[in-house]
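Next come two complexes built around chain A: one with chain B, the other with chain C.
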Partner chain A sequence: MSEPRVGVYVCHCGHNIAGTVDVEHVAEWALNLPNVVVSRENKFMCASTGQEQVEQDIKEFDLTHVVVASCSPHMHEKTFRNACARAGLNPYMFEMANIREHASWVHANDKDGATNKAKALVSAAVSRVIFHEPLEPMQVSIRPETLVVGGGIAGIQAALEIADAGYHVYLVEREPSIGGHMAMFDKTFPTLDCSACILTPKMFDVGAHPNITLLTYSEVERVDGYVGNFTVRVRKKAGMVDQDLCTGCGSCWESCPIRIVDNVFEAGLGHRKAIYRPFPQAVPKYPVIDVPNCTYYKSGKCRMCEKVCPTNAIRFDMQDEVVELEVGNIILTTGFKLFDARRVPNYGYGRLENVFTSLEFERLTNAAGPTEGKIVLRDGETPPQSVAIIHCVGSRDRNYNTHCSAICCMSSLKFAHLVMEKTGAQVYNFYIDMRPLHKGYEEFYHRIMDEGAQFIRGKVSEITDAARSPEEDGKLVVVCEDTLIGQQRRVPVDMVILAAGLEPRADAQAVGYMFGVGCGDTGFFTERHPKLDPVATVTEGVFIAGACQGAKDIPDSVAQGAAAAARVLGTISKREVALEPIRATIDEERCSGCRICNNMCPYHAIDFIEEKGVSRVNPALCKGCGTCVAACPSQVITGAHFTFDQLMAEIDGILVDVLSDQPIVEAV
Partner chain B sequence: MSNQKPKLALYWASSCGGCEIAVLGLHEKILNVAEAFDIVFWPCVMDFKYADVEAMEDGEIDVCLFNGAIRNDENAHMAHLLRQKSKVLVAFGACSYGGSMPGLANFADREAMFQWIYFDSPSTVNPDGVVPQKRSDVPEGELRLPGFWNTVKTLAQVVPVDYFLPGCPPEASSIEIAINAIVSGELPPPGSVIGPDVTVCDECSRKKSEKKIQRFYRPQEIFPDPDICLLEQGLFCAGIATRSGCGAKCPSVGFGCRGCYGPNEGVLDHGAKILTGIASVLDAMTAEEAEAILDTLPDPAGYLYRFHLPDSLLRRKARGNGQRQPVGETSQREPA
Partner chain C sequence: MTTRQGNMFFDRVVKATPGGELLAKCLQCGSCGGSCPSGADMDHTPRALFAMINAGMENEVLSSNTPWYCVSCYACTTRCPQQIPITDLMYTLKEMAIRTGRYDHPRAAKFSETFIGFVEQRGRSFEAGLATRYHLFHHPQQVVKLGLMGVGMLRRNRLPLRPKSIRGVDQLQAILTEAKAIAAREVEA
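And now, the complex of A and B:
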């Protein structure tokens, strides 16, 4: 190879870097580093002029390698790689030195120190870059089928977008019907649309869509493969009803003698039968038998449903079915679970009869719910005269969840409206802060205030039935400090609604692990970038949308569902995706077959080839994390772009005497 | 020189003598050596004086096989002398290549060693508190002893070395390969380690599976399954990270590889590589669990760096107060 010719570009980043680091000096100094043929400073390297300078120099000076000293590679590595590529240089012959986050920003009070550190970082990059090798992205083809996991509103939206665009979708839903939480609501804020009226048509479309295969009462058991080529194993639980024969007439559940508290759809407030369909608009319309609760499976007797079924659709001997799906992309829309209000014992839920959770209230006020929409106390008949709504239960609270559940302010306002409209009761909202921050939300807040709801700012310390005065007798007393008037208050009411927060699903960790998606501090799935890539994940081809990514309302869930669908459609229409070539390879000639690396890979990318007695990395699965590279005791795994020589050269380079330009230690 | 036999020298510095035995262990093949070479210096078996070497021309010796680590002034003197007189200098065996057993002294320092050897050890009787001096005056004149270094070094840390032959001691087959290469002139590039660039596991016939270590056992604690990888059975085995060439002799008789052939090609730190290997397969989910498993491995530093402490990245233990140890040829302290 001919002598390397390196170009160095030191960025001012306006004042961000130049305010602390002596940029001119660093650029001038870098010219003395080995192999550097041109070194410049520039106000904004990322601007088109900066990029064009690089392109021009590559041609004029015949540069073989480029170093830009500026911000974090997270920001602009791609920018400069592209500039190199435009000038005909392989983009991986580029290296970035971060002298902003790593020098100017962290040493703002030490200009000399920051300048010296910038020099050392530039030296490291120059020393490393000459060991870079040209790399080519890996192209993999994309199957056009998509798997959507979770049939709430986010999953429904994603599935419909993709199916409408002409591609096939498998929608897997754990419950017997799609719809998710939205199916439980009566009205939705801020417009107070009837939830069923806007959801049911979408659910129906999903059920009838020729491009959607709906797998309800099903769960994903295993995922293999990689972007474009996943193999997914789904278990369809035996519902004991032959869907080809069933008409959904309902004779079976009408005649079933077993009544069970419905903890899922009715939030524990209503009942269902042992053979059931969660709600009238369910999609699909077929019932399932809840085997553990069915008398026949317990005692061998009953078979009532079978007797009454006009089409003989009941199959007591039905078995679970396992299907294998081949898909190119996966969207997770598994939603949230409600915070368990029992965890706040001082609010008395479960102990004080007339303390309700928000989901219970949704069912209470729903025309199709257990009280046919009548808002009444637990006795089933008395309408409340006064109702307290407690915000932020289990949210924004160090003892439970620190995150804001994003929807409870608004759902509490919705409840206030519904209570006042249906019962004329006096409503008190106990809030810490009001956060009605989306379009039309602030207006909705004012509307509810105008309608006469009371707002008390303060965190409720206790809800008690221990009366201290005659007017508290037989009431629930909400105790709180009203921080606006600086006084302790005791407000007696008939009914309390706890606006419990949104939490990750109990199995989010396990589901995330199966699909290669991490969970952040709050336990929700982690997106690839919180601002710039909110629906992608670190695993290529796996996307997230809706409340599984973080607490959010329906409009946001729908937007994310559509966004994830757009990302998937993008890859499908390109037919293939380019994968970063930064991956590990094993030198099979030198692999001893010790198998140390075999279960190290977090992405299951390493296989052992029994016949040859060596291990092998599947490049499409490898994410280039480097775990196996470090682990291999024979040192025969190479991480492309992070080779041993590159890393050692980088270390040698950083150990430079910045006051002259000599290395501090001899190279090893 | 064309019709003359090439001249061979063999020397031992700080070593146990095993490497010398290994050369003799070539059995009848030693005759081939004697036939191929003119042995000009071999203090272990023939009477040579240092003066004989000093009298030689520079580069007169064609090949010098140098075993033993550099632990004192005399070892260093001979290393320099033989380097000067030899065309090809071979670091022969684990001590001269990596420091090996003598190098484990780098876990202590000279002061501590002298304290133990000349004062504290139960078998020592030293009422006058005599410690070795570089120079002492006696009625007959001045007596001299080689200065004892604070830090043991490898041969290559003292003089440039052309080839390394690993092993404690090198197997006869390895020596043969090296000798044949030298005789035939088909030598690898200077600076190379003569040996395969795969690890012992490659030669080991035990069955390997995905590993999960629950705890370590000492060799006397279990009867290992004869067919399964020893590491998988909880017996420490450095074979995963040690250059092969020995024929996996130790694991094949149920004893874990101790690592005498040193790190694989390109590896900077043998102990670190063994450690990353075994740490990668501990059956632990938390740091505490991992620590509990590692606690069942006695003397980990000794296990990991048995043969390569002086040429590891850290080279030696720091002083307790965190100060750097004086390294190199500083001569020993004069008693206070």
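And now, the complex of A and C:
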């Protein structure tokens, strides 16, 4: 092999680097490093002139390796790799030295120190880069089918976008119907559209779409494979109703003698039967039997539904069915869980009968709900004359959830409007900060103020029925400090609505683990980049959308559902994706077959080949994390682009005497 | 470490209180003021006092009656969404007010001293003694009115007439003597 010829480029990044690091000096000094044939500085390496300089020098100086000292590889590694590729150099013959995040920004008060550190980092990169090997990205084909997990509004939107584009979608939903939380709401802010009126057409489209296979009352059990080629096992729970025969006529649930409090769809306010469909517009329209509550499964008697069914669709002996799906991409839209207001004992939910949660109020005010839309106290008949709406319940509170739940300000305003419109009651909103952030939201806030709702700035400290004066007798007293006047207030009301916050679903951790998606501090699924890649995850081919990624309202959930669909359609239309060739490989000749690496791999990428007695890495699953490389007792696993030689050379390079002006002797 | 440039008072309050750095995270929500059983009698609610500390209003804060009306029920602390040690901050402010002689409420300070006197003597509070001694010394004209309430409490067994002491009071007193000596050295330093 001919002598390596390295080009070094030191970036000013405007003042970001040059304000602290002596960029000219670093570039001049780098010329002393072994194998460096050209070294330059540039105001903005990422600009087209900077990239063109690299391309020109590769041709003119016949460069074999390139080092750019600038920002984080997360920012521009791809930019410079592409520049190398355009000039005919394998893109992996490039190395980046991060002298911004690692030098100028963290040592802003120490210019000499930052400059010396920048020199050491450049030296490390130069020393390492000559050991780089040309690598070729791996192409994998993409199956055109997509799995969407969760049939709320985000999942519905994602499924419809992909199906309308002509590709097949499997939509898996845990409950007997799609619709999610949105199906429970009466009106939606800030336009006060009827929730069902805008949702049910979409639900119907999903049910009738030729490109959508709807798997309701089903759960994903296992996921294997990798981007483009996932195998997913789904358990279809036995609903005990033959969907080919059932017409959804309703005779079965009308005659079922068992009445159960519906804690899911009716938020505990209403009832359903042991054979039921959650709500009239359910998609699919077929009911399911709630086995633990059905008399037949307890005593072997009853069978009332079977007797009245005009099409003989009841199948008491139906078994769960397990189906395997082959899909290219997965979108998780598993939604949120409402904060349990019982956890705040001083608000009295569950103890004081006229304290309601936001979801209970949604059902109370819904025309299809248990009171047919009448806003009444727990006795079922008395309309309230005064209502307190408490914001931030379980949100923005280190004792519960630190995050802002993003929707409660607006839903509280909506509740205020509905209460005033339907009952004429006086409404008090107790808030810490009003956050009506999106388009039309501030205007809605003004409208509600105009309609006569009162706003009291103060986090409620207590809700009590212990009266201190005749006006408080028989009322719920909301105690707080009105922080705008700096005094305690006691506000007697008939009804309290707790705007409970949004939490990750209870099984988010386990679901995330199954799909290779992490959960952040707040427990919601973690996106690949909070700003620039909000619907992708660290696992290629797995996307997230809606409230499973963080508390958000309907418009944001819809936008994310569509965004995730666009990402999926992008890979489908390319038919294949290029995977980074930074993977581990096992030297099978020397592998002892100890299998230590098998269970260490966080991506389940290592299989044991029984007939050969050795382990093998599935390159499509491997993320190049290096765990197996470090774990292998025989040191026969190599991480491409992170070889032993490369890392040792990098360490040698970083240890050079940066203060010496003498030419540096090659260390290795 | 939390610092407020040019606001040494904020820094001193934070430094003198275990967990005090959380004060910088106050949301001004008012759950402390709303929870406080003495809130109605305070010059400023705890929340307002924290805003004043943030504004560097040392004189106004240390002459406020607010810390002296704190009954250490800890309702504010358990409910604070930012887990600020509010009750402990009140102790810091009381201590600062006594040391700099800036409190405007001699009654409150004297009540506190009488209370602590019993604790030092017996290892626990003695309400009947506290009430009689404090009122006879500081405002005897109130005695008759309060005496009636005392009789009511006596009748309901809410006001034991005999003081109780803890075991090993001498050891407690030794600890307190040593603690006072340490505090005095700190003040000097």
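Quick notes on this one:
Rule of thumb we're sticking to: the second predicted complex is superposed on the first by the 660 of 668 C-alpha atoms of A that agree within 3 Å, B and C clash if a C-alpha of one lies under 4 Å from a C-alpha of the other, contacts with A are read in each partner's own complex, and residues count from 1 in each chain.
Note that contacts are C-beta pairs under 8 Å (C-beta built on N, C-alpha and C of every residue); 3 or more make two chains touch, one makes a residue touch a chain.
Values in this document were obtained by computation on a predicted structure and should not be read as measured data.
For the composite obtained by overlaying on chain A, chain B and chain C can both be accommodated side by side without a clash. Contacts of A:598 after superposition on the shared chain: chain B is touched, whereas chain C is not.
Touch criterion not met for A:573: it reaches neither chain B nor chain C.
With both structures placed on the common chain, the touch criterion links A:141 to neither chain B nor chain C.
In the overlay built on the shared chain, the residue A:482 is in contact with chain C alone; chain B does not reach it.
Seen from the CA centre of chain A, the centres of chain B and chain C span an angle of about 90°, rounded to a multiple of 10. In the superposition on chain A, A:399 makes contact with chain C only, while chain B stays out of contact range. After overlaying the two complexes on the shared chain, residue contacts for A:635 are found with chain B alone; chain C is out of touch.
Look at A:32: by the touch rule set out above, it reaches neither chain B nor chain C.
The minimum CA-CA separation between chain B and chain C in the overlaid arrangement is 27 Å, rounded to the whole angstrom. Overlap of the chain B and chain C contact sets on chain A: empty, with no shared residue.
Chain contact summary for the complex, chain B toward chain A: residues 197-202, 208-212, 239-241, 244, 264-268, 273-274, 276-277, 280-281. Listed in rising order, the residues of chain A touching chain B in the complex are 590-600, 608, 630-636, 644, 668.
Contacts from chain C toward chain A in the complex involve residues 27-36, 39-40, 44-45, 47-48, 75, 79, 81-83. Of all residues in chain A, only 346, 392, 396-399, 432-433, 457-462, 479-483, 486-488 touch chain C in the complex they form.
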